[in-house]
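In the two complexes that follow, subunit A is the common piece, with subunit B as its partner first and subunit C second.
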Partner chain A sequence: MKFLFKILKDFPAYLWSGWGAMASTLLFIAFWDLGNQVYGNLVLPSPLETFKTLYTMLQDKDVWEQIDITLYRASVGFGLSMLFGSILGLIAGFFATASMMSRPIVTILVGMPPIAWIVLAMIWFGMGDETVIFTVVVASFPIVFVGALQGTRTLDGDLKEMAESFDFPWHMKFFDVYFPHIFSYIFPAWVSGLGMAWKIVIMAELLATSDGMGAELAIARSQLDTPTALALVTIMITSLMFIEYIILEPIKREVELWRA
Partner chain B sequence: MESLEVKNLTHHFGFTEILQNINFTLKKGEVLSVVGPSGGGKTTLLHLCAGLLDVEEGSIQNSFKSTAFAFQEGRLLPWKNVIDNIAVGLLAKGEKKDKALKKSQKIALKFGLEEEDFEKYPKDLSGGMKQRVNFARALVTKPSLLFLDEPFSALDIGLKKELYAHLLDSCKENEMSILFITHDLMEAIRLSDKVLLLKADPGHIVKTFEYDTPNDKREENFIYEQSAKILQDKEIIDTFELNTLELT
Partner chain C sequence: MANNNQEEKLHATNHYLYYPDEENLPPYLAYGFRPIFLLLAPYLVISMILWGFVWSGFIHIPFMDNPIQWHVYEMIFGILTAGVMAFLTTGLPELFPGMVPFVGKRLKYIMILWIAGRVSFWFIDITGVYLTAILNLAMLGWLIWFAKDAVLDKLQRHASIGYTLVTLFVIESWFFSSVLGWSTTNSMDILKVALGANVVLILLAMRRVNMEAVNELMEDKEIDDTYISRPPLTNLAIFCVSLFTIVEFYYPHNSALGWIGLGTGAAILAITSDYNLKDKFILNQPFVIYFYSIYILFFIGYGLMGWDILLGEPYDINSFRHFITAGGLSIAYLMVMVTIGWIHTGRHLTSNIYTHLMVFFIILASSMRGLIPFFQEYSAQLYLWSALLWTIPFILYIKVFFKFLLSPRADGVKG
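Take a look at the complex of A and B:
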């Protein structure tokens, strides 16, 4: 509770530090507009037109439904990866044999292109939620798993010894010695796993479903409706930026104050 | 009477014999140091006595009520600030949090840390400050036996003297005993009632030196004299291989 309060207290200062990010975003939009003036409306609609389309789209209930569907798939997929990736990663990290055995499997999971998974999933599960969720899990699970594994493998033996010399009870060993270290590895892994989940969900939807934002994107493509496509991309990016900069980054800062 | 009794202690790492037939007794209120060259098994001996390693052959009987350990490097928890780091020993013993924090703040001030340092994380502390925290963490629990693993080796003379004084204070106040390993002979002579000389390969005790003058009454002169004397000792020359230095 105290911790949450501190995050909220430091939040305005954090937001204030965002002017630089704001400036670079505006610069990016300026270049975008330049691109529009060079290549014309069909190839690259102007930012203004895109934002106008975005505005009308957001009035439409149906669009919100599609966003909902995508959000649902991404969060179920990511939630599963986060849960199983963390737990299995921790277990694998605590046992040398398990971590040795899991390495090649992780390499396979990381190395296999997500598009290949989508094809397989379409054959296995057909066109629907399962295919998308499966692909999301397969893509973001290894990231979380490796984070948890690394965190556990790199626990400091010297600190363990210190804890033993003071006869730490088990809950202190866990919360004061192991947890902060593991968390400093697992949290960034969650963040990149989430980014991955968000990317993969759109791709899987585009190929394997008839609803969700990915499917909307596919429709926009087939109709050569560039403003709608760009508006969809804007929704995806803004939502990711919101999650990353407004929710996760402040937490990360507080949690990792102790880091050099 | 509390004591630490080591009998016929032998220890191996794999097939290498690290310690061979070690015998000594540490009584209440006594400061006992083990000196010897690096890599001679001193740390292993200390870890065995502190219960951080399991005894294989021989026996160690520790009847001291409580022990604490001060390490060579601070070994502070990087995610805890100064006060929370000092308090861990007390919390591990089941002390209430606010009481533990109060005690920690008190001892931190006594050990020359300032109030503005209390909230700092170890990454922002100098080596000397880390070592102050390390000592405070060990001594705040008022242990009846303190293990020291060369905690002074990287400190400047002023800070060393300050910490020596704190140690001797605690010894007097709480009748604390110390088992102390070091490669610094002068330090051993300054603090100890008994000095064991540990020769390497495998580690065994070749000689014991005893000092009767109470350790808070030892003048600089006494320490220099005794250091000069001990450096003439044949066993010391042998153990630290001092003669080969002169030949080259």
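Take a look at the complex of A and C:
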């Protein structure tokens, strides 16, 4: 509770410190505008035109439905990998044998390009939700798994011993000794897993489904409708930035504070 | 001795190590800032009232048929030299404790040079551009020579200010060569470049004034925290301002410039995030609010300019520019005048109804001037009234501070 209160208290100052990021984003948009002036509207529409397209798109109910579909797939996929990745990672971390064994498997999972997973998933599940969700899970599961594994592997032996010798009850041992440490590893892993999920969901949709934002992107591509394509990209990036910087980053800061 | 001094914190309460022993020094020549503030405040009041009458059409002053250009010139360079003079003669002996304060007879000669620069400016149709150019360039040149220690300092702690002054000198020379027909560049465009360099200078100077004043204030009020204005944020803002200035010079109506303008506004506003201290809340301290308002006005100015460029014609960008000049820069100069006026006359940094009103009227006047595009039908009244209201802070300054400037330091220290 105190933790939550502190995050909320620091939030305005944190939000205000985002003006620097805003400045560099705007400079980036200026650079984009320059690209438009050099290569023309067909190749790269101007930022202003893109934002205008975006504005009209957001008036359309259908677009919101597509966003909803994508959001559903990403959340289910990420939720599954968060759940299983964390649990399995924690378990693997507690047993040296398990962690040794899991290493090469994680390497295989990470090393396999997502696009190859999509092809396999399309054969296994056909064109639909399952394919997308499966791809998201395989892509972000290893990230979460490794984070959880690291968290438990790096637990300080002395602290463990201290907790043992004081004979703490199990809940105290868990919440006051193990949890802050593990959480400071696992939480950043969730954040990067989420980023991965958000990217993969679009890619999988583009190749394997007829609805969702990825599919919209595919339609925009086939019609050479660059403003719409860029507007869609803008939606994806803004939503990711919102989740990452407004929701997760303040928590992450608090979590990692004690490590510094 | 020098070693001891380096370990001390360089607060505004520290003093020079040596004070020149010149006899019969009148108080108004006892330190660099005194005569210049005594001259600057009335000068600003009188000249702005004159400009107000000129813009609203009551009087006509024949400035070589280009009053706007000369108005901009004087508001940038004429006042710049005064502000920089006060800032350097007061600040440098503190930042470099071995330096001897600049006082007495030599100070008087420099003041005469500044006055001569102003007189030659207002009588430019009679005395000619050459004289104005020589006198004003000499003044800025002297300031650079005076600041040479800062540039040559091995640690380069404050060299950026020196380099910016040299840049301004080059720009001013360029302006005069354009007026004299030696250079084909449009002189108004050069003045816009000068404004950019001026904003950079203010950002550099304010970072230092800010740190000294805010920390001094917190010490006074026993607020146990430290305010640090981080260089990377100021540098980002300086980068953005420079980029905006350069792009505006070459492509004044390019849409990319609009985005750069918005980015510049954001970068300047980012500087204020340093006021959110780790433990203590200081945003309710009047002086923090005053300093804050400088950045807010810069933000509004650059933001509106960027927005205006993105919208396309008709361009009202020069009205919005007044948020930067009549607004942000003016409060920055005023803050230098007020903080030095308190601290270096041996008093505590104090806020009262007068200082509140000073800042308030500048914000009001610059908003009236800057928002003219939205109230075109009242433009004549707004031109006049914004100019008149803008003078009130300096009238108040005369009322509050002139007695301090004309008498010895309250704490008995020399200077």
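Going forward, the second predicted complex is superposed on the first by the 260 of 260 C-alpha atoms of A that agree within 3 Å, B and C clash if a C-alpha of one lies under 4 Å from a C-alpha of the other, contacts with A are read in each partner's own complex, and residues count from 1 in each chain.
As a working rule, a residue touches a chain if its C-beta (ideal position, glycine included) is under 8 Å from a C-beta of that chain, and two chains touch if they have at least 3 such contacts.
Keep in mind that what you see is a predicted model, and the values were worked out from it rather than measured.
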Q: Report for A:Pro45: first if it touches subunit B alone, second if subunit C alone, otherwise both or neither.
A: neither
Q.
Between subunit B and subunit C, whom does A:Ser17 touch in the aligned arrangement: first, second, both, or neither?
A. second
Q: Kindly classify A:Pro142 by the partners it touches after superposition: subunit B alone (first), subunit C alone (second), both, or neither?
A: neither
Q | First, second, both or neither for A:Leu34, with subunit B first and subunit C second | A | second
Q. Is A:Phe166 touching the first partner subunit B, the second partner subunit C, both, or neither of them?
A. first
Q) In the complex of these two chains, what residues of subunit A are touching subunit B? A) 158-159, 161-162, 164-169, 172, 176-177, 180-181, 184, 257-260
Q) Contact residues on subunit B for subunit A in the complex? A) 47, 50-52, 67-69, 71, 73, 75, 77-80, 88-89, 91-94, 121-123, 141, 147
Q: Going by the contact rule at the top, pick out the subunit A residues touching subunit C in the complex.
A: 12-13, 16-17, 19-20, 22-27, 29-31, 33-34, 37, 46-48
**Q.** subunit C residues within the subunit A interface of the complex
**A.** 233, 236-237, 240, 243, 254-260, 262-264, 266-267, 269-270, 272-273, 276, 310
